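Going by the order they are written in, the chains are A, B, C and D; count residues from 1 in each one.
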């Protein structure tokens, strides 16, 4: 490919969209063509999100205005995203969709957890954009469904065990910073409510559950997981603590080897012997993880830390975009 | 007085109102009669504000429903508070008003900074409820205007200098936690916006300015102050840093003596040699302060720390209530 | 009992000791007799811990100086605590020990997890002071082992299931604020290291594990638990998330009833339908918990929030002291 | 210059040193040659400071080992830095010193505030490395004294007024995050002490005072300033609030123009109409500032926000290094 690819960010006024726009804007290969927003159209992005330093003006969403771009990152909520994605695809624009609309493969499961789909004709057409699991498929894709933040961390933590037939009973206790709740001011995101507090939420009914189960099944482990997210008082950062009862006898050395094999050459996964802290991956595309076997309980424990807005959303979208355009997947992210 | 006084908290769903209700509820002499709220009427106060442990149901505001109480703490915003205060006074209810509606003595100044007054007939009828300055007047009062949070700290810091003719040029740099912005979720109170951030706000136009100037003038120092508040990332706590160019030559020992004389026997003022931290007064009615003279600059510096929701609002209201009902002013606050 | 009981706090310069001293000092029945400290002896407690407002001077530890007291709260680290407890018991002083030295009943287990015991003659003589499980035994006790913070929350969460034969496989994911790491400044407790961070620690080897297992076994469920603590960026507060695979078929209604029966009349346990937040119990002796059954996974989930320094240490010690002296167990804690 | 310049970071285990090493390591023109540390020599830098992702091993300090480098950033405390700087200069290494040892021009003033100087032969030989004030001098320099964090913000805020003869009485109220206190764990940097707290410190005696006064005098305003720093609960970020009584009558438009003229083309200064927040410059080399004239008090107020570890230390050192080596001063910092 000669020249530079033009990329839009649709929904750039949210946290993930703003970071996505910043990353595209600073990218050596991509050029930021348009940024859109609903309520804040007409303002410059760096007035709404100073840290981006992106001086582009936010436009209202008009599908035809996007005809001149090569790709778009869609950062709208589920439900609203699907029709926008369809409109972009009709105009030949390659899309990474950050919503949940194209992540699931089973229409019934989607409807159970999310309701009616906004672009049924496209359902099932996307590649699930977790590059560490589906790199080759992403490379050729025109439509990539960017994974949810929790699934990103949980799947990187559990995929090696799933592939090796070791995944028995699974409990996932996940903790996320407040940016995960979105930019909308609510009672729960008020500083005084969130500060010095922590609490479980959506117990037994968080929508990332079927997404994790789908992908574990594709890796060979059709398990029903127990997944419980918690809100913790920090802005960005996500920690996923996975407690696994192994499905078969094994040697601790086998587990260690599985993770070494899976991640030794992955550019964005850092395997460590000690447990990770979320601050270590703040503002990066890294997933940092550790695996432990407990001789007392015979359980395998895996801890994975990511930045929920970066590897859990915006920077992973750019990692996918890099792959879709045949670039080094580290480009513009380091 | 025999028996126990019945007290209502009008506007108990805000931060200050909820704490006021909790303090009245636990008070040995007062009994919490009613708590009111607009949007959350029908809910129990401890469901909205668990930390209060007050099981009373929030009622909609109906003046006649308050006829059976001896006193009320009015925790509504300025403008809205005045008519409610008038309605309560008409029913013989003694009132501590936490809004700004009755703090100023000059109607023109009120209108310049706040606009039209909601109960002009009562304007100028209230005692300014900073007990350390106006204790005797509060004792006999039926209507007390509870001071603003910044004026509380600033006046305790500066009154001794004002009375001694030492107050020359005054710069006040004030810092407050996020609860000072109220419970309404806004872009500025979102955890992700306030966390790890700090910023000046309302530069040159914060409404507590005329209140501080009025009271300093009453103490003998008719000065124009420079007052600038800042938002800092903590929930409760307020620090006021006062930089004073002395109005006349003096000895450092004189300054020290002024503060000792003013505060040695005050139950709620803690004079210290080292500068105060806001955590030291969190969840208390204390104002903690230190005074310093700088031989290099010849400036006097006074630092005062309070909890903006307690001594800056709710607990000071109860301190006033104690005085109005002839009780020990420490009762129920320790 | 007529008159007032004199109580010392041994080791009052740590977080839990300082709060314990404050609570005893404000208690209507107990009088604070002595406070001791090692490094900070000679300073006043309110200079070291301003929030206590306790003006007593910290003394060096001298067993004979304690002969004039009725009871002592020992707030020393495990190992060091046992000989001090022995010295106090020899002088007829009733003791609540906040260390781990007297919590375990099996000497071998103690030595495996903690090493040599410092007062073997007293080993096994203490009552495990979780009043909600052992109230009657605490009432008659002269030596009470105050539970660890995590065991307090975990046992309140799991005891009803243990007693009902419902406790199968147990995973406990626990999260604590930084005060849990103690007052010693370390690389890990530095603000810059802990702020905006969270991380698991002591994976598979936290010393509260055998304590939880011992007490669950006493309630009828001899299980091996998987217990993993995490450090989260807040000062005080602890949340324990328990994931239980039930040991037998059951009805969700049965679970609900178990918790209602267990806690409806407990003064310090708040059972709620929605998950608890740690801020709701900050600076209190309350444990707030919720129980959930997940039809999808058939797992029972219990979440319990406490303040690690209060119900997890200092205020629970006073609750025990109240019981030991025949007082209402709420006295001085509300 | 052909090829790439080799740069060492001396003292890379502190906060500023680690960031400096990271910036040099990622710089297109500079190559990171050595990193040194005392206590942590032998460890890899990314084990001590994971966010740097610098895999170099920390070496013990040996001047001769530095003979193969073109330049060094010295990140040692004042006093210790001077001899190291001298040793490096003797070996022909160009130096940016981040300590205070070479910032002052008057030896007596240095000794009053810091004590004996560690390399008197070099005293007065350095260029004061605030590029916005001394860009040309930095370009030719072999030894640059990197400014203190507070002076950086304060001088950028006040220099335009100083040059225009407008600087009369000056009060600077400064607020810094906890990283400013260094990486050493102390009682004051413990999370539990700093969290939810704020307090003034070193009242009337902070060592950045003479540095600010020296540079203001060089800009034409020999004033005695009142400078008071405060500790606030955030990791990185510094806000300087300057309250100026103008030295002569003037028009508000003149003030605005002065700042436009000074900063319109500065790559690292962002002039805004609204007051800056420190989060807006986090992890960047930007200084963001606003200037306000208050008709009521006739005072000029200037607010400047920087990241104390970046523009206040590490990234400004690299900005200086860029200038010393004839590079674009934005290189490697964007």
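Following the convention adopted for this analysis, a contact is a pair of C-beta atoms (placed from the backbone, for glycine too) under 8 Å apart; a residue touches a chain by one contact, two chains touch by 3 or more.
These figures come from a predicted structure and were not determined experimentally.
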| Quick one: which chain's Cα centre is the longest way from subunit B's? | A
| request: Tell me which of A-B and B-C has more C-beta pairs in contact. | output: A-B
| Which is it for copies subunit B and subunit D: same residues on both faces, with over half shared, or different residues? | same
| remark: When centres are defined as mean Cα positions, the distance from subunit B to subunit C in whole Å is 37
| field | Interchain centroid distance [CA atoms averaged], subunit B/subunit D, Å | value | 39
| query | Distance from the CA centroid of subunit A to that of subunit B, rounded to the nearest Å? | reply | 47
| message | For subunit B, give me the residues that contact two or more of the other chains. | response | 195-196, 233-236, 277, 279, 282
| Can you name the residues of subunit D that touch subunit C in the complex? | 15, 178-179, 183, 185-187, 189-192, 194-196, 233-235
| note | Counting only contacts in the complex, subunit A reaches subunit D at residues 26, 50-51, 195-196, 277, 279-280, 282-284, 288, 334
| said: Considering only the defined contacts, which subunit A positions touch subunit C in the complex? | reply: 169, 171, 173, 175, 177, 193, 195-201, 203-204, 209, 224-226, 228, 230, 232-237, 239, 241, 243, 245, 275-279, 282, 292, 294, 296-297, 299, 301, 303, 305
